[in-house]
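Two complexes, one shared chain (chain A), two partners (chain B, chain C).
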Partner chain A sequence: MPQTLFEKIWDSHVIVQENGRSLLYVDRHLVHEVTSPQAFDGLRINKRKVRRTDLTFATMDHNVPTSDRSLPIIDQTSAIQIKTLEKNCKEFGITLFDINSPNQGIVHVIGPELGITLPGTTIVCGDSHTSTHGAFGALAFGIGTSDVEHVLATQCIMMEKPKTFEINISGKRKNPHAITAKDIILSIIKKIGTAGGTGTVIEYRGDTISELTMEQRMTICNMSIEAGARAGLVAPDEKTFEYLRGRRYVPKNYEEYVNMWRENLKTDSGAKFDKSFTLHADNIAPQVSWGTNPAMTSDVTENIPFPTEYGKGNAEQEKGAEKALQYMGLKPGTAITDIAIDRVFIGSCTNSRLEDLMEAAKIVKGRKVSPKVRAMVVPGSQLVKKNAEELGLDKIFKDAGFEWRESGCSMCLGMNPDILKAGERCASTSNRNFEGRQGAGGRTHLVSPVMAAAAAIYGHFVDVRELDLN
Partner chain B sequence: MKGSVIKYERDNIDTDVILPGPYLKIHDYAELATHAMEGLDKDFHKRVKPGDFIVAGKNFGCGSSREHAPIALSYSGIKAVLALSFARIFYRNAVDGAFLLPIEIDESAYRDISDSDSLEVDISKNEITNLTKNKVYKMKPFPDIIGKIVEAGGLFNYKP
Partner chain C sequence: MEPFKKIKSIATPLDKVNVDTDQIVPKQFLKLVQRTGFGQYLFYDWRYEKEGIPRKDFILNDSKYKNSKILLARDNFGCGSSREHAVWALDDYGFKVVISTSFADIFYNNCFKNGVLPIKVSEESLQKLFSVKSEIEVDLENQSIRADGLSMSFDIEPHWKKILLEGLDDIAMTLLHEKQIVQYEKAHKI
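And then the complex of A and B:
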């Protein structure tokens, strides 16, 4: 029977199946400082070891400061969490890319960078954006701390088989510099909603996906969780194999693997999905979120919707929009391009890779950040930072008035000192515009790196399609 | 289980409002509990009593995989969240640690239950009795295994 890519990966990892639940083997486990301490405590209490230290990799990203790393960490609770991870990795024999490692970075940036992420594998991590790794044709789930402990102890996870959801993206984007992967995924979430993918694994397919680079595919898979999906997948192709070739942790007989992946890792023709959705990429505009969940998003050319218009007769939707606009301090009918901003954040596991910074730099080059705006770039990893500096991107950003910082999750989730003050409005390349996400009372607008860069220069949102590139 | 209702008439109550990011550095569960729901309702901590239920709309617990969210609610005294639907990772975390029961209710029950109503939840009968309004609602039955994990006291105590 023809199978989907998801079903092939799933079947090849099921150890036992019983009453609709399966015990699934985990090929790679990524660990960070925030969701792991209690899991290690649990192992200690029960005198358990880490089952496969060779398949477990750790780094610190969520609460590391992005300022000068030669200075001590001021926030003592952060310092303790970081120290605790160091101690745990040492005690249990796990590879750690610590705060001073040239490979430190956001866990979802360094996994692919180091070739830890491989096609056809199962990957888990105590972080919901683990879906990012699906861009390589890996089945990657975000899990909580109990599951982290379970995987550390057993290298397995118990799961109910998710349903399959095909999202076809077809058509040529009119201006691929201005209409980015971020705009594609925001357009999808806007249409299917924040629970549109609940209980499913999404496979992104179609000619637009084939055209995207690996880093762009990561942006799309990253936000699968924002549509409620368990995971997002893209079938691996020559771009995938080329991206991983020569990276540190790929298998020695890499080309043999590539042949196997090329042969097997695709959805068979005639395979059935439980659900399907199609997005035409031809007419997508740059997206800006205006509300307090990622589905509350509009084209940059539009006005802030009236709650009745957004609700389309659904009272809950209408009320949701009303509350969101109140929190965001926005009036219906306002042109999105008239919204003034205070802060700009270019970073996060969604948009902090080299191509994101290169694209943003094209807008920034030769221009200055608006005097009303504080703008920062937080590269996703030390390697991204180094590569960007070799291209001179740091200079472009700094000359324009951006802060150029050390790698980490930073202002995406407000765990380190990089936060918004109450009432501050931010154009952010991150993934969640939830209330208080970037700091209590902070207001987040989700945008692409080029849109964020343009907003930093002009002090309000602008349609990047209208800007000249330097 | 008997308790009174704290109702939030909202969809998409996310883990960032249930337990805001800065508190993810806290290890002590009792201290975590003092920040539960802080992103949405600053008075929650003062109001909540042991055994209380939260009633909410669709997609409760969306967002981050932080288990701190169900832990904070649980240590505040919340025994169950009754919602129209749940985000999957939150649901899993709640069950894994047997922190609280994620109970799916239907639209009519959601509309009918008011803030401060007294409820009695009987999982064996899949029934919720509104003691204030003298009404009975059906809850969506737990898949067999979920009930067993919760009864066992979480994933680590569950023996298939």
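And then the complex of A and C:
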């Protein structure tokens, strides 16, 4: 019977099945400081070891300051959490890319960078954005701390098989520099909703996906969870194999694997999906979120919707939009391009890779950040930072008035000192515009890196299609 | 884990869709390295003014619901971040049951790992529960919810039911398959 890519990966990892659930083998386990301390404690209490230290990799990203790394961490609770991860990795024998490592970075940025992420593998991490790794044709998903402990102890995870969801993206974007992968995924979430993918694994397919670079595919898979999906993936192709070739942790007989992946890792023709959705990329515009979940998003050319218009007869949705606009301090009918901003954040596991920074720098080059705006760039990893500096991007950003910082999750969730003050409005390349996400009372608008860069210059949102991006 | 017992309590109605885990427990409380004591941070930014003064208009601050063990929620409850702290906070606060029309996947899974029972019911049933003023009884063994003149059943996977009722350690259960895991590891190397 023809199978989907997800089903092939799933089936090849099932160890036992019982009561409709499967025990799946986990090929790679990524660990960070926030969701792991209680898991290691659990191991200690029950006198258990980490089963496969060779398949487990850790870094610290959520809590780390993005300021000068030679200075001590002022926030004591953060410092304790970071120290705890160091201690746990040492005690249990796990490879750690610590705060001073040239490989430190956001866990979902460094996994692919180091070749830990591989096609056809299963990857888990105590973080919902683990779906990012699906861009390589891996089955990658976020888990809670109890499951982190379970995987540390057993290298397996027990779960019910998710349903399959095909999202076709076809058509040529009119201006691929202005209409980015971020705009594609926000357009999808806007249409299918934040629970549109619940219980499923999404496979992104179609000619638009084939055209995207690996980093762009990562942006799309990253936000699968924002549509409620357990994971999102893209079938690997030559771009995937080329991206990983020569990276530190890929297997020694890499080319043999590539031949196998090329042969096997695709959805068979005639395979059936449980659910299907198509997005035509020809006519999508740059996206800007205006509410408190990622589905509350509009084209940059539109006005803030009226709650009745947004709810389309659904009272709960209407009430949600009303509350969201109240929180965001926005009036229905306002043109999105009239919204003034206070802060700009370019970073996060969604949009902090080299290409993101290169694209944003094109807008910034030779211009100045609006005097009303505080703008920062937080590269996703030390390697991204180094590569960007070699290209002189740091200078472009700094000359324009951006802060150029050390790598980490930073203001995507504000667990470190990078936060919004109450009432501050931010154009952010991150993935969640939930209430208080970037700081209590802070107001987040999700946008692409080029849209964020342009907003920094103009002090309000602008349609980047009107700027010269070449 | 403590075995799950029959629960009888007044239910706290949280009338909001798409409640994300950032709201259930805000990020500033994720820095703790232990599992306990998160109840005081549950819905923190909705529950308190800036200065830590309880907000009068938030349901958890209504004394009527002080000892409630059941939370009534709306669609897509627990979406967003995978933080298990959200369930630790609900549990530590005293909620042992959450009833909604739908839950986000990771949150749903995390509940069972901590002895909290998430129950999915139809929109119609949820509406009825939202209007119940008296105590509600949740019986996992018989998969039933009862209240004043109201009785409904709910579905749950047998696997989760067993784990909750017996308070099982799922790592120990997985390790019963040690032989198969070793076999798999021998045959598959990457």
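Descriptive notes on the structure:
By our rule, the second predicted complex is superposed on the first by the 468 of 470 C-alpha atoms of A that agree within 3 Å, B and C clash if a C-alpha of one lies under 4 Å from a C-alpha of the other, contacts with A are read in each partner's own complex, and residues count from 1 in each chain.
As a working rule, contacts are C-beta pairs under 8 Å (C-beta built on N, C-alpha and C of every residue); 3 or more make two chains touch, one makes a residue touch a chain.
Keep in mind that what you see is a predicted model, and the values were worked out from it rather than measured.
After superposition on chain A, the partners chain B and chain C collide with one another.
Legend: residue contacts after superposition of the two complexes on their common chain; A:126 is shown touching both chain B and chain C.
By the touch criterion defined above, A:435 reaches both chain B and chain C. Touch criterion met: A:34 reaches chain B and chain C at once.
When both complexes are overlaid on chain A, the residue A:95 reaches neither chain B nor chain C. Of the two partner chains placed around the shared chain by superposition, chain C is the only one that A:155 touches, whereas chain B remains out of contact. Residue contacts after overlaying the shared chain place A:213 against neither chain B nor chain C. A count of residues in chain A touched by chain B and by chain C gives the higher number to C.
Put simply, chain A uses residues 18-21, 34-35, 37-38, 46, 62-63, 75, 77-78, 80-81, 126-128, 142-147, 149-150, 158, 160, 194-195, 198-199, 225, 228, 230, 293, 316-317, 319-320, 323, 413-415, 432, 434-437, 440 to touch chain B in one complex and chain C in the other. Partner chain A is touched in their complex by these residues of chain C: 16-18, 20, 22-23, 26-28, 30-35, 45, 50, 74-76, 79-85, 87, 102, 104-106, 109-110, 113-114, 157-159, 169-171, 173-175, 177, 180-181, 184-185, 188, 190.
Interface residues of chain B, counted against chain A in their complex, comprise 9-12, 14, 16-17, 20-22, 24-27, 39-40, 57-59, 62-67, 85, 87-89, 92-93, 96-97, 143-145, 154-156, 160. For chain A in complex with chain C, the residues that touch the partner chain are 12, 15-16, 18-21, 23, 25, 27, 34-35, 37-38, 41, 46, 48, 62-63, 75, 77-78, 80-81, 84, 118, 120-121, 126-128, 142-147, 149-150, 153-156, 158-160, 162, 194-195, 198-199, 225-226, 228, 230, 251, 257, 293, 316-317, 319-320, 323, 413-415, 422, 432, 434-437, 440.
Residue ranges of chain A in contact with chain B, taken from their complex: 18-21, 34-35, 37-38, 42, 46, 62-63, 75, 77-78, 80-81, 126-128, 130, 142-147, 149-150, 158, 160, 194-195, 198-199, 225, 228, 230, 292-293, 316-317, 319-320, 323, 413-415, 419, 432, 434-437, 440.
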